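Pasting the structures here.
Look for chain A in each of the two complexes below; its partner is chain B in the first and chain C in the second.
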Partner chain A sequence: MPERILIHPMTRIEGHAKISIWVNDAGDVESAQFHVTDFRGFEKICEGRPLHEMPGLMARVCGICPVSHVVASSKAGDALLGVEVPPAAVKQRRIVNHAQVLQSHALSFFHLSSPDLLLGMDATVDKRNIFGVIERDAGFARRGIRLRQFGQKVIELVGGKRIHPGWSVPGGVQTAVTAVVRDEIAAWVPEALESMGIALDRMKSLIDSFREEIEHIGNFPSLFLGTVNDDGALEFYDGRIRISDSEGNTVADGLDPLRYHTYLGEASEEWSFMKFPYYKPLGYPGGKYRVGPLARLNVATSAGTPRADRELREFKHRAKGAVCQSFHYHLARLIEMLHAVERIEELVADPELLSEDVRTKAIPNRREGIGSCEAPRGTLFHHYFVDADGLIRKANLLIATSQNNLAMNQAVEQTAKHFVLPRQLREGMLNRVEAAIRCYDPCLSCSTHALGQMPLIIEIRRRSGELLDRVERG
Partner chain B sequence: MAALVVAVGNTLRGDDGVAHRVADLLGARPEVDVRRVHQLTPELAEEMAHATTVVFVDADVEASAVRLERLTPNAQRAPITHTMTPNELVMLAERLYGFQGAAYLCRVPAEDFAAGGALTPVAEAGARAAARKVAELLNLTVEIL
Partner chain C sequence: MSVKTLEIDGKMLTGVAGETIFSVAWNKGIRIPRLCHIGGISDVGACRLCLVEIEGQKKLQASCLTPVEEGMVVHTDTPKLRAHRRLIVELLFAERNHICSVCVMNGDCELQELATELGIDHVRVRYQFPSLPVDLTHERFGLDHNRCILCTRCIRVCDEVEGAHTWDMLGRGTNSRVISDLGEPWGASDSCTSCGKCVQVCPTGALFAKGKAVGEMRKDRTFLKYIVTAREKKQWIE
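The block that comes next holds the complex of A and B.
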């Protein structure tokens, strides 16, 4: 009888991780854990670096969501300089952050999760990939690629590079947007809006065929945390933190993101490199909360853009209180993509965007600064301390994916207990466990690589470590 | 666009960035579009569709000498992870965008992938040899010592 089922490495996620499923003497799943095996150490790397280098350095945290790190880092820098950022620079940062949400969500939905959604959780591994999606619906796959391309193009046009743009700096941004760039971005919008309408209709038509998955893949009560603006609407750049519960009640509102450390704690476990943040008033692990698309839509009163508002109202009807099913992260992601396209359309139509006043220069005037924004996967905080020369003495990064760590572990365990039958192990069962994690689209970052193989390995072991079975695919 | 060179790698991880050095050596020229990327992503497939010849250049820790090999559109494995191989990208370009050109992979010997911007002597020599091979393939006139 296997006592431990190991899924390693996990597939179709950003980075490297593994899942352990522990089996009891009766042969049933007893517990499951999601381990992150990457260790990057960015908080140590930046010690001693000059403040003005930080946004460019922090962009390197991730190849998928570098913009959010650039934006949060720049905002922490703004705070350290103690300056007001010119409005045109704020608009640039907003556009690029929305573009990143669009391209990151497009990758997650169309390339990583749509094989499960279009072909089914039990489709064979050789079909359950982007080529299987192309066989089923090449037009749908092309739209996914174009949406991601749009997001990447906006980042390149405004930020200078598709990956790791370093144009944003403490005090603003380095260059003004030209009318040519503005017009090029605006020209993409109609196609992107059309594609989002098609994708949302397709997703909503598929949902009913996943009733069991919706019910048992990460469906549990938790808190939800996200940023909202003064009207309580979806906000990605500036605003206040709102926390709500699974009944839809607001637990805390108007929280200052610059005081995150007073209400969010960070625990650690020896079996994972990822932190376990929690809501301090409820303790650890009782203060489990979720961030990202599902959480943002649960805490927001409205989206603030017309098309996304219609979708959000429909979305909120899926539950009496908050929408607690992790499976609905996919639908929430699409609504946020639609919102991002609408916001980009608004921002490029604003004449102030073309202002050449894009940076306020100053020397550091404070010793401690915090910057936050909404990244594709949730709320992001950068917290820096500098010395008198503006060199970083200490840095703390509270990353969105880590804030979902407790929830991802619960989702894995719930899914394994419902779907995995250790005595009759089938690939589709393990795929559902991986799908639980894919709902959260964790970003575990790997920006270096060389040619080589990256197989999925599933090992079944006794507690003694004896290998009973091993399956390799890829 | 007649030719597309895709230089793959991270210039902050030592020899992983050797393909970017190859791109530098080839230089800017109208007959070749050079794209520098950290990793292969699906949207490159559309750009490939407009090219008659595509050359991927990447670091290879197992290569002892520069190798230029023709790619087939057949994926050797299902792309189940977050990365794509050049073969998979060729297949994607063919199936989604009707790519009919020739695709090649240029493997450049690499040794050290630790953090840092410098190339090892092996990678530097490999970059020059790779640039010569790619230039020859694409009929480019380029002076590489």
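The block that comes next holds the complex of A and C.
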């Protein structure tokens, strides 16, 4: 009789989730599913609201990556107004978006995943957390915390608030950046660059001790989707969508993000509140693709900044075609953090940043507007329809995490099949299943508009639904 | 003009006959909470936040409508009054959809400020979550019924100061709605002069200038004093 192992709640992720592992009569793992168990419904909440309120409202979707929602929402607002945004405002949005990538990736790597990497997948649960990392290497942990602080500080200095900054509005931003703010940001950069160097060296020295995990935690072919600029380099604010396959071939290039709905579809399954986006030409579920740090580095020809470019070249040598191992999301995340610091350094050195021309005012001139940007977890799309007065009639949010949904499910299944021995179940086995999800750093409150904290549960059940075993944390 | 002497919160104060307890108290720096009162237009006692205790009277009285009397002993800040005020503000929050964090008036809202003063960190009554529309048909201004507390400042200032009487009240109880003209969209109103006085006196984000983002709306309510002084004294001074 088949059984089900349920991990519920999942820990060290952002949001509520559980994992089901189905075990067949022979005692082997047959399949596994990643369920997102809550629903928030921001797409519905914003119906009837004035479009100018949308960035501030959308910032509330998430406390980890509010900036991405503010930026995508503002860009959709720009499109609805039909205006050109002043260059200084674009630079502000770019800086804050990079700062958010930095702080969000720092949270994922140092606070959530480094306990697995530094202390080991089988370390005891009471040690496998950020306090365990501090105990093992306080200097390393401090650097991680400081990197996140730097990102948050930049968001606060430019955006007015560390969390839910609503400074970016349709048509631009609310206030100009002062020289004092610029200098304060610039003063942080040397320390951040040094910390990134140390973190990258540490990660690369650890990688060899995770050979089995690299090979069996979410290592499978898929498409990769990300935004690149005109030179094919990493791009987080504007640019075109590029899709490549696991061999490293470009499948589609120069796709207009404003026409995302022509090439990306969204399916749903009854067992999860998170949608399942797919690449339309290959259908569902064959059109599975990945977004986020690993995908961006796979599709980008270069990083566009010197230090990150060196790391990217080395990174691309880890595979013949694309780097398909989900475990390498961690390394990709660090390279993107380095890139973010370098970009912030460039942007604050630009005198145009201090221009006081930061906002174009207009009434709504279009009925439909789309905004996209690269969020920490991948490509984000906000799509609004308004009436003649500028009230939102319909909204569609295509969230980065949900675009990884098919991949996360495959990663969970592959990991469970390799590491979980149902008859000799150990906590470390289940932690590896969770670690597969942590590679993707999912933000479930974003992707489902789900309420709540962030726990995970694993359950073992018979096909009939009878509960056999349950591991619960959170 | 006779002078009345009374005691408010232990202070001996004087007011002229016909002056309200609220007016005397505020002139002497005793700040009684209010949301429907605003200097320069008539009072209606709609919000009930300025209720005070008067010794010798069982019922609480709205200080904005109660004239001072000789020998009156008034208390404006007692545990009983604080409890009443807190409940009133909680009921206001529960009745409609007041979400400060995504409101254009966040940081400059009289309702929000009062809630902070009263230490309201949660609402004990069940939220009603009514489904209410936003009217953006006017060229310059917007009306969000979700944030309206039915104080009627807009109705009074439009009628008494601008003389347009565009605004009025439709319905009863929780179904009451501020309407323009005979219930037409604001943008279709024939009587509205687009002066914006209603927007400036509105204590919350119910009336706002179009194009404002979250936390961006700021209101200047001092204009009313100039207008009233100009009307009464024919001088443009405060």
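One rule holds in what follows: the second predicted complex is superposed on the first by the 444 of 474 C-alpha atoms of A that agree within 3 Å, B and C clash if a C-alpha of one lies under 4 Å from a C-alpha of the other, contacts with A are read in each partner's own complex, and residues count from 1 in each chain.
What we mean here is this: a residue touches a chain if its C-beta (ideal position, glycine included) is under 8 Å from a C-beta of that chain, and two chains touch if they have at least 3 such contacts.
Note that this is a predicted model, so its numbers are computed, not measured.
J.: According to the stated criteria, A:Arg142 is in contact with first (chain B), second (chain C), both, or neither; which is it?
T.: First partner only.
J.: Is A:Trp271 touching the first partner chain B, the second partner chain C, both, or neither of them?
T.: Once the two structures are laid over each other on A, A:Trp271 reaches no partner at all.
J.: Who contacts more of chain A, chain B or chain C?
T.: B
J.: Classify the contacts of A:Arg60 with the two partner chains as first (chain B alone), second (chain C alone), both, or neither.
T.: Once the two structures are laid over each other on A, A:Arg60 reaches both partners.
J.: Would you please give the residues of chain A that touch chain B in one complex and also touch chain C in the other complex?
T.: Looking at chain A, the two contact sets intersect at 60, 164.
J.: For the complex, give me every residue of chain A touching chain B.
T.: So the residues of chain A in touch with chain B come to 9, 11-15, 60, 63, 107, 111-112, 125-126, 128-131, 134, 138, 141-142, 144-146, 148-149, 152, 163-164, 446-456, 473-474.
J.: Which of the residues in chain C come into contact with chain A in the complex?
T.: 101-102, 104, 133-134, 136-137, 142, 144, 187, 210-216
J.: Could you please specify the touching residues of chain B with respect to chain A in the complex?
T.: 9-10, 12-13, 16, 37-39, 41-43, 45-46, 58-62, 75, 77-83, 85, 91-92, 95-97, 107, 110, 113
J.: What part of chain A is in contact with chain C in the complex they form?
T.: 48-50, 52-53, 55-57, 59-60, 164, 166, 169-170, 174, 361, 363, 389-391
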